Structures are given as structure tokens and as C-alpha cells.
Amino acid sequence: MASSPTSFSDRLLGASKPERRLARSLYESVTNLPIVSPHGHVPVELLADPEARLGPPGRLFVSGDHYVLRMLYSQGIRLEELGVAPLDGGPVESDDRKIWQRFTDNLELFAGTPSLLWMAATLANVFGIEKRLTSANARAVYDLLAERLQSADFAPRALLDRFAIEVLATTDAAESELESHRRLREDGWGERVRPTFRPDAVTALGSVSWSESLKRLELVCEREIGDYRAFVAALEERRGYFKTLGATASDHSVETVRTERLSETEAEAIFQRALRGEATQDEARRFEAHMLWEMARMSCEDGLVMQIRAGSMRDHNRGLKEHFGSDIGADIPVALDWTRGLQPLLAAHGDNPRLRLILSTLDESTYSRELAPLAGHYPAVLLGPPWWFHDSRNGIDRYLDSVSETAGFYNLAGFVDDARNLVAIPARHDVWRRVTCAWLARKVLLGSLDEENAARIASELACGLARKAYRLPNERGEISSRPSS
Amino acid sequence: MASSPTSFSDRLLGASKPERRLARSLYESVTNLPIVSPHGHVPVELLADPEARLGPPGRLFVSGDHYVLRMLYSQGIRLEELGVAPLDGGPVESDDRKIWQRFTDNLELFAGTPSLLWMAATLANVFGIEKRLTSANARAVYDLLAERLQSADFAPRALLDRFAIEVLATTDAAESELESHRRLREDGWGERVRPTFRPDAVTALGSVSWSESLKRLELVCEREIGDYRAFVAALEERRGYFKTLGATASDHSVETVRTERLSETEAEAIFQRALRGEATQDEARRFEAHMLWEMARMSCEDGLVMQIRAGSMRDHNRGLKEHFGSDIGADIPVALDWTRGLQPLLAAHGDNPRLRLILSTLDESTYSRELAPLAGHYPAVLLGPPWWFHDSRNGIDRYLDSVSETAGFYNLAGFVDDARNLVAIPARHDVWRRVTCAWLARKVLLGSLDEENAARIASELACGLARKAYRLPNERGEISSRPSS
Amino acid sequence: MASSPTSFSDRLLGASKPERRLARSLYESVTNLPIVSPHGHVPVELLADPEARLGPPGRLFVSGDHYVLRMLYSQGIRLEELGVAPLDGGPVESDDRKIWQRFTDNLELFAGTPSLLWMAATLANVFGIEKRLTSANARAVYDLLAERLQSADFAPRALLDRFAIEVLATTDAAESELESHRRLREDGWGERVRPTFRPDAVTALGSVSWSESLKRLELVCEREIGDYRAFVAALEERRGYFKTLGATASDHSVETVRTERLSETEAEAIFQRALRGEATQDEARRFEAHMLWEMARMSCEDGLVMQIRAGSMRDHNRGLKEHFGSDIGADIPVALDWTRGLQPLLAAHGDNPRLRLILSTLDESTYSRELAPLAGHYPAVLLGPPWWFHDSRNGIDRYLDSVSETAGFYNLAGFVDDARNLVAIPARHDVWRRVTCAWLARKVLLGSLDEENAARIASELACGLARKAYRLPNERGEISSRPSS
């Protein structure tokens, strides 16, 4: 074919030359900005131990990546063949090379997906492998990856430096000891690697593992939690402890959005029934809705930024969950009603200048209908970036198209990579930066934004807004009191 | 940066040269067409009094503009500082210059929003201020604006002429005296400035202010309204009176879409309970659903075009409502079910050639799913333009993309500006005209529409469709019987 | 105007030259691929009878096309005037020329709709009428069309050859005799024209015509169906018979998605109540939800590909339904919840490699939120193409934009034309091929897909995926066991 292909270095910057030229210029102005990563799932143990190394390629890029697992599974490849061990101890592929090969034999499945874009960029920019990955060169690439991943240059802390990751927040259970974070702090990494307070397991009264989680909470608090008041006090205490280790945020994952204020008597009654294993599903839901309200109340007091991620029905494939556990790519989104669901919480706390509430959705129809209007009104509300399935070229475009005209840019919370795989973090930020710059370039060409504003917004989207949203220090060590300044 | 920026005069017309060239040619063919404004919220008193002047700049562009208020509020600026007076008589900024300055100090918040586009176009085209507004030149601009707004050239009636506003409909409570409209009619302005019949306050049985509104209705009808039959008769009488003052439409705002036909006995029973303050919320909802049905029935008889605007939860921020009242930017949309909600009304009246029912939504997911199919089937149904949060460049694009392939163009109701601020009306129509022309130009370049059709549709979208939809006379004084001709 | 218009042959390929150039090259590589049409509504009788001819132009393009009927009806043209006969035997236009003329007099209503694109392409490519259809040349065009439609060259079987239709599936009631399909098989056309098993009428316990449909099922099975077990056995038997005549798929149309597993006792109890006309609406709904589950179970056993089309409220205009019957353009979509609705079915069968479940929606908000994630996880699930109102240029773009990044391309089921009018089939596939190629070209220009992949995907979207999804033989007569290979 006659047309000259777009070069790899210009990917995602535009489909026409003028777009690409302008987008590239914006992109060049942000590409060397540090990475701010205020939400993700990198295992903190890897960072705590200076001698740790990232897993071998198959585990790192396949078995441990639920985006990749689900796609291969959708085409009939069994999870055991991909190195996911059944809970019952049944057989599982243990040859990491074979796992990698199965993935590369099926690369075409990933055409057009962000997974492939991230993989290509990671191989090129992190590992220096510019050649396109194919089934045929998979073995050779494997060897290279395996070797480098073992080297000191690829030790997790070394990668934080190489990637210019200014701050990385992990996600940690409320009942976690935070041993690794303590060690990081002792080693002087406490400002860069921060925990995030996630109490879902202990507030989910309706979950089968709730009493176990509560026991862990008792253990870490070193006392019995026999009533609701003690439960609240324990959570407040844990939040305080998380803060001493650098936490600036809490994280809350819910299937549907419900908030409600129970009286202390009601809350106590449900809590007692739950302790006896007698709480109904409806009581559990009301308690969880109440705890979301309570968490906002605590945020008003202790200043932890509150993140709500809503809309994922976890473990939709129940059989697979029983066989393999969670986080293997079987979560499916549902429709949301943020407007009514958040109303009680916002009525109480939405105007409070101490509260910062970041909302993330998997239901894109709520971008323009609910989230941008909420963020464009309530001082407390900021809008989180496109999440999970939507952290992709079209997903980012739809997000900016849908929210910016109502919420502006300064009610957005910047970008979070949500990554589990440390080596993929630069690629995920890079896609965001490319796509936002391309989007801004089109606005400039359309005459609805001037170049000066576009450049400032590109920089804010790249890292400024995230710092402000998560109350992280900026280049001058200052913490903003307002999202826009 | 190297790329030449898009000139202000070409804004929104296209991101590439061929698009821009073709769009400009379409735009030039419609830019001088008169403005038809069949729905909005300009205070009619301003137009009734030849000596009236528009408020000072701060009040006009900030305190009175809920788009601007909500954005500044979302970043922690208190409404009192923006000149919004608390209901309890508490302190409020009364220095109009300071209000203006606060706005201009925060202009960056509005980057990419329609508010900024409207503002820039209004300053340039209405006030001759071409220089970009900044925090620094805010004082000088204020002086200019204040002076001009006081001059006779900027008297509201003079602006109607200057803006070539062929017709402007205001929105008036069913229980309004219409004193100002009477005066306009006496002065010979009755064909140009028309009232719209909005009965929401008297049909909202569940509202705390319902009995007050009913009393006002009794007052204006000069008789007691002691039963349901008298209530219906009063509304019919008022509609008739609105028509004598030029009204061609009614307007109905609902949070969710529900229509239902109560028997007269049921309606009467609920009405009696409401008079005694004993109606339940569910009864009130059923009565309101029934009144929507009744309003369609009346429209079939008296020919008033019926507008339904659905999907806004008014006063989501209850505390702010108690402190400042409504319309201060705290309304948040919810999801809608038009298909089931309108079914009873459409079963009865949807095929009636006398009924014209214009539907507007804040839930964009209903554009392609429900509204375009409804408009593309029922003779009575027309689809209103992108509304409120969606009256913006991307909003208009999404609207045309979503509805035109199913509803065509002749089941659309054209444009309404929904403006409160008279001086902003040209800018709002201008954005619509630019964006529709740019959209049509892309379709021509894509080969899915020919230029001849595109030019005709551009003109229809600019004002033809609105005239037909609202049964307003065209250039030749004719009123169409069918939306498409 | 100055810009050179896009030529008819380049329509839909792109709005800029580079796009158009690349898209054309992709399009040329697929334009001569055979047509695979695994779902549609062409009347099988037409194909069974070698002497049959397609109806006269008015009937073929107007009275029989619910897309056209609804649009004309929406502008106040009565269905009787368009040749749709009232059920009560009332008067109806019987002059086919007048019907055609009424349509052509209103062509502007169709500007921008797929109906007009299909019509123009059909006239040009099937009938050799390149000149644009207008009200003025309608009579001359009519004569030409009428003459050609009568000629042997336009006999339905001749058209299958001319159009290179490799396979065409019709949609047939479970209780159908399949007489025509038997004849086609005897004539050696059994591989090309295949039935599809649609049991909706006999599983819809809540429908007024259920007992009639059940009687027809008894008749065709030649025995009484007095209990639930006999009912299930009858359906299994019919599926088997459909398979002997070439069926590879079943088709299920539901308003909302509900699946549920009843015990045999419960199912029997409801069935018995239904036989006595005593089943409640809720029981009927539960039974239908159960039957969907059962159909998936049968598919696991007999290998028929299961299609679910959800989200259309049939006969929204009840009055029109009573007057004219169904399928006259009065069906309106509703919002869907696939995630919760399908969960019971997928929990039981979603991992079964024997099941292939193709999902089609009229609620586009479920594309990215539910359907792409479901297809991108469950081995059984494939995502059907844009359907009905969304089988259009923008509809296809939105579909690819929304689903491809999550589901990839190999979890898509390719294209189905869903056509009733045999002569329109090439135009419908042609629009799909043009729009998919243009979309792919933009991705290549953006650098998110390489040309080699784009060409392969273009070909898969054109016919490869449909063959695999529907278990139809490919060029080499092989039937794929996996959607992607």
C-alpha cells in the first residue's frame, strides 16, 4: 500500500499531519515530567526488599495480568495453562517459557487493545527490544527479558529511579501490618512509596470472609472489637497509622453506589447481628452504605483523600472464582446511579473544604450525565480518570469529550495507572500523555482552546492535577489546598 | 510552536483545512439568518420596560449565570462572594466589580467549556471587545461593559433588533399575571416576545410550596379552586389566556418520566387529599404523571406545542438550596426511561396530528436508544436540541451523531438557547450554527450527504425547524402544519 | 462551493484524503469477498420457488420496509397510504406506483439515514440506476425497477448467485413446517439457504397467542404436548430437525435480559397453569427466563449457535399494533442489564466450549460497560454487530470504538444484515465493509494498528468472523472450533 505508515514514535498522536505535529509538540513538553502514581497495585514487598526482582516474563506479563488472562480465556485457553494455580492444588503450567509462548502465539487477539500498546512500549522503552514481538521471536525475547529482569538494573527500586516515579501509592488492606511500608520509610523511601487505606474487607459485613478480616483487624490493633464504637475507633486509629507511613488517601470499591446515615443505635444493632453471623444481606448493604458515609466523615477530620471506585460486579464467573479465586479477569461492570446514591453523603460533606472525594466509574454513560455535573458543582468532588476497561485510546477520548465541557479540567483528578506490573507503569502514563496531547491538539486546531492553555492543561493532566488531587507535594514541596492551584 | 493557530473567526468550524473551508461556506449561508428563540429564561420585565437596562457586568455574567456559579463554587468559592444573597439576609458581596474580578481571576477553570466560548464571542460581537479577557484587563473591560450596558443602544428592546431576534419566548408560571406580556403586546411587540405556559408549580402536588402556588392560581383566575374539575378548568382557561398573548407552547420539567391516566374519581380523591395536606408522595407522583397526560390532551385541543424537559434532579445540594434557593447550579441529572414512561401518553395522543411533543433530555444515553426511535415513529414527537450541560461543541456533535441516522433531521425541533442572559443569545446560536455546519461539512466530505442537502439542513437547523416545531410563522407569515414542511 | 465533492464510489471511506486513500485500499481487498449472511428475514418462500419474483417496487422498498414506514409515518403519512393493509380489512392504497411516489416525494426525510444510503447503492449497483432518485424521476425509475424485478435475472436464486451470497440464513418459527427449506435442500440449495430456529412464540407463555403457537407446535410434532417434559422434548426434536435442513443457529428475541434456572417441578407447575390460561405475568417471565437457560443447555448439547437479541419493546404504539399488526416500525428500545440478567445462564454454561452465545443490543451504553467485558472473558460469548437502528455509519463507528479495545476483534461475531429485502443485502454489507475499512484506516494512521493487521481484520470483519461465529464452513469447507481460528 502506498501510504507511509505512522512511525512508532508518533503513535496515538494524530491521524493527520497537522494534528500529529501539534500533538507532538505538546507531548514533548510533558514527556519528561515525573510520573506521579497515586493509585495502583504494585506489591509493596517488591519495593521493600532491595534485593527483590520482578517475576519471570510469563508470570509478570501473563499469569499476573488480568487483562491478558481474560482475553486468552475468552478464546478457550484454560487458566491453568497460563500459570494460574487452582485453589484445590490441581495441576498448573509451571514452565514459565510455555506460558509466555502461549501468550505470544495468540498476540493477534490483542490487536487494537491497550494491552498490546503497553506491551510494545514496555519492550521498546524499558527493555530496549524494538523489534515487534511475534510467536517466532518469542523465545529469544524471553531470554532477553528473563536476563534483564534478574539484573540489578531492573530491581524494583532501581526502576522507580529510572522511570522518574516521583511517588507511587500501593493499595493496602485496613488490617494490614504495613511491615513493608515501615521498612521503606526506614530506608528513606517513605515519601516516594506510600500506602493507601482500603477498608473494604472489614466494612463488607455481607462477605463470607468478613469475620476473618475483622479478626485480622483486631490482631493488628491488639484489642478486641466487640461493638460498633470500637470498630469505628479501630478504623480511625488505622487511618492515623497509615498517615504516619505517608498515606494521603483511602480507597473504596463498591458494586453500586449507596450512601446512608444510620443512627449509632442502628449501626450497633446491625454490627452485633453481623458478629453473630445473623445480619441479612439488606442490613449488610445498609451498613456498607453507612460506612461510606462514615469514611467521608473521617476524611473531613483527618484529611485523607477519599477514592470511590464503583460499578464492578466482582467475580461474575462464580465457578471460576471458586476454582481460582478473584482478580483473574472475570469482573463485569454494571450501570450506576451516582446522583441518588451519593446524595446523602454529599448533603452532609460535599461542601466541606477538608473533604476531597475522587469518583471513578466503569459506566461511561455517567460521565456526562452525573459525574461531570457533580464534579462541576461540589467543592469536595473530583473526577477520577478513565478506569480499567476504559484506560485506552478511545476510552480516554470519550472521557475528555464527555467531561471537560461541564467539569472543566481543574475538577479532574489527573491520571492514575492502577498497575500491578511495575515495568508497565511508564507505558500506561505514556499512552495517557499521548492521547491527552492529541486530544488537546485537536481542540487547538478546532479553535476551541488556545495553545498556551493547551500546554498548561497537558502538563496538569500529566502530573500536576494528580499531585493536587491527592495532596502530594509539588516540585517545590508544597501541598495544594485547592485542586486548581 | 510551528503550527498556525486557527483564527477566532474560524473557531469550531473544523480541525482540518478542507473541513474548515466547507464548513465556513455553509456557515456563511446561515450566519445572517434571524434568531428564533422559542425557549429561554430572559426576564420578561426587562423587555416590557423600554427604559430598562441589563444588570451590571458582575450580576449579568456571574451572579445570574448558574453555569458560572457552579464552576466557581466547585473550586471552593462561596456563593456569597459571587453576589448570591443568602435567604436569611446574611452578608453578601455587593461590590459588582469585585464579583467580576473574582470571575476573571478564575478564568482558567472555564478552559474548554461553552461558558468561555460564549463569553469571548459576546465580548467581541456584542461589545466590540476583541482582546482576550484576563485577570489583568478585567477592570478596564468592566468599565467598558458597564458603560455600554447603561446606554440606550443596549436597552433590551434595542438588542432584540440588533440581534435580529425574530421571536423570543419567555417561560412563565401558569399562575403568572402576564402583566409584562400584556404591555409588550400593547406596544406592538406581542408577535416577537411571547410567553410560554409552565404549570409545574401548580401540578407538583408533592412540593412544599404547592398550596401557595395554587392560591396564586386562584387569585389570577379570580375564583376558588376547590376540586379537581375546577383545577383542570382553571388550567385550560390560563392556557387560553396565554395564547391570546402569543404563547405557542407549554413547558414541563420533570425529574423522571412518568405518565398515567387516572380516572376522574381517582384524580379528584388525590386532589382533595392534597388540599388537606394529606397526599402521599406516591399519590403526588401519580397525580403529576396524570397531569402530564392531561396536558397532552389539552394540547390536542388548543394546539399549544408541549415541551417536556426531563432528567434533572433539582437542588441536589439540599443545604445550599435552604441557604440560597434554587437555580444556583446544584441540579444534577439522572438516568431516564422515556420508552416506558411516555407509553401511556403516546398510546392516547401520539398519533394525533394536533399534538406536537418536544422531548429534551439530560441523559444522552437515551438519544439513540429511545428518543430518536420515538421521534422517528410517532407523528407527535419531535426531539429537542442538546440541553443545558450538553449545549456545547461535543454535546452537539454527540447529539447529531446519535440521533440523525434514526430520526433524520425533520423530526428535530431545531435549536433553543435556554438563555437567561439576553446578551448571550447570539453567542449561543452562533455556537450551534458553527458546530452544526462543521458536522454537516464532515458528512459531505465523507460522502454521506451532498452539499445541496447539507446547505438546506444547515438552514433548517439554524431557524427553520424551530419555527415549524413551535408553530411560529415563517418569513412569509405561514405556520406549518407538519414539522418537515 | 469550492471544495470538490467526494465521489459516490468513495462514499464513507474517509473525510480526508489520506484516510480515504488507505481506506480504499483496505476496501478493495474485501469488496469482492463473498457475502455471508447468517441472520436475516428474507422470506424463504421466495427462494424455494425458482419462478418467484420479488414484489413490485412500492411493496419491496416501502410497504415492506419498517425503517421506511416509520419515518414516513413520523411525518404524518398514514400507513394505509403506504400500502399497509389494516387488519380489519379497511381501505388501503393498492396502486403500487402511488406508494413509490409517496416515498420519493419525501426523500428529504431520509437525508443522513442508512435507508437512503442503502437505496442509492441498491439502485446503482443492483439495478444500474446511477442517477440520483428524485420525486421528478420517480415514475421512470419505477418502470425500470418493475421491469427488471420481473425478469429472470432478478429471480431470487439468480440474485443469490449475482450477489455472491455464500450462505443466507432465514429466521423460522420453531413450529414452522420448513416446507420451503426442504424444497431448497432437494434442489441442492441446502448449504446456501439455511433455516434458523426461533422459538420465541412457543416460549412466550405471557403472550395472547401462546396457546395457538403451542397448537402449531403440536401439529408439526404430530403429538400432544401436555406437560413441560413433552414441551422440552418437542423443542429438542425440532432443533434436531432444523439441523438436518442446515440450521446452525437459534435466535431469541427478548425485551429485557433475564435468565433463571427453575426446578423441573416449578417449570411444570407454571406450564400447567399456562395451559389452563392461569399463569401470571410474573410466572410467564420466569418461565421465559428459564427457557433461555434451557436453550443454552440444548445448545451445549446440539451445537446450535445461540443468538440473543435484546432490548426492543415491541409494538410500543399499541393502537397501531391493533390496527395493523407488528413489524410496522413501532418498536422502541429500552435500557438493558446484561450483567445481572445473563449471570445465571453464564454461571452454568459460559465456560462450555460447546456453547456459542452471540449477544446483540439496542442499548449502546452496554457496548463498553457490559458486552465487551462479557465477550472479553467468557469463552462462550461473542458480540453481535450493531443492530437495527445502529446498523449505520455512526452506529458502526460507535460500536468499533466502544468494543474493540476491550473485546478485541476475535470476540466479535462479524456482520449480519438482518435484511428482509433481498436486493438490499449487498448494500448493507457494503456499508459495513466501507465503514469498518475507514475505521481501520484511521487506526493505522493513528499508529495504533499496523496495516498488515488492519487488512486481516478487514477481511475477518467482512466475512471470516461470521463464518466462524455461526459454525459455517470456510473457503476450504472447514468449520472452526474456536472463534479466532
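Some notes on this structure:
When the chains are written out, they are named A, B and C in that same order, and each has its own residue count from 1.
We adopt the following convention: contacts are C-beta pairs under 8 Å (C-beta built on N, C-alpha and C of every residue); 3 or more make two chains touch, one makes a residue touch a chain.
The structure displayed is predicted, hence computed values, not measured ones.
If each chain is drawn as a node and touching chains are joined, the picture has every node linked to every other.
Although chain A and chain C carry the same sequence, what matters here is overlap: shared residue numbers make up under half of all numbers found at their interface. Centroids built from CA atoms put chain C at 40 Å from chain A. For chain A, residues that reach two or more other chains under the stated contact definition are 16, 335, 365.
For chain A in complex with chain C, the residues that touch the partner chain are 1-3, 5-8, 10-16, 70-71, 73-76, 106, 108-114, 117, 311, 313, 316-320, 329-335, 362-365, 389-390, 392-395, 398.
Those residues of chain A that touch chain B in the complex are listed here as 16, 18-19, 21-22, 25, 335, 337, 339-340, 343, 346-347, 350-351, 353, 365, 368-370, 372-379, 381, 401-402, 404-411, 442-451, 453, 456-457, 482-484.
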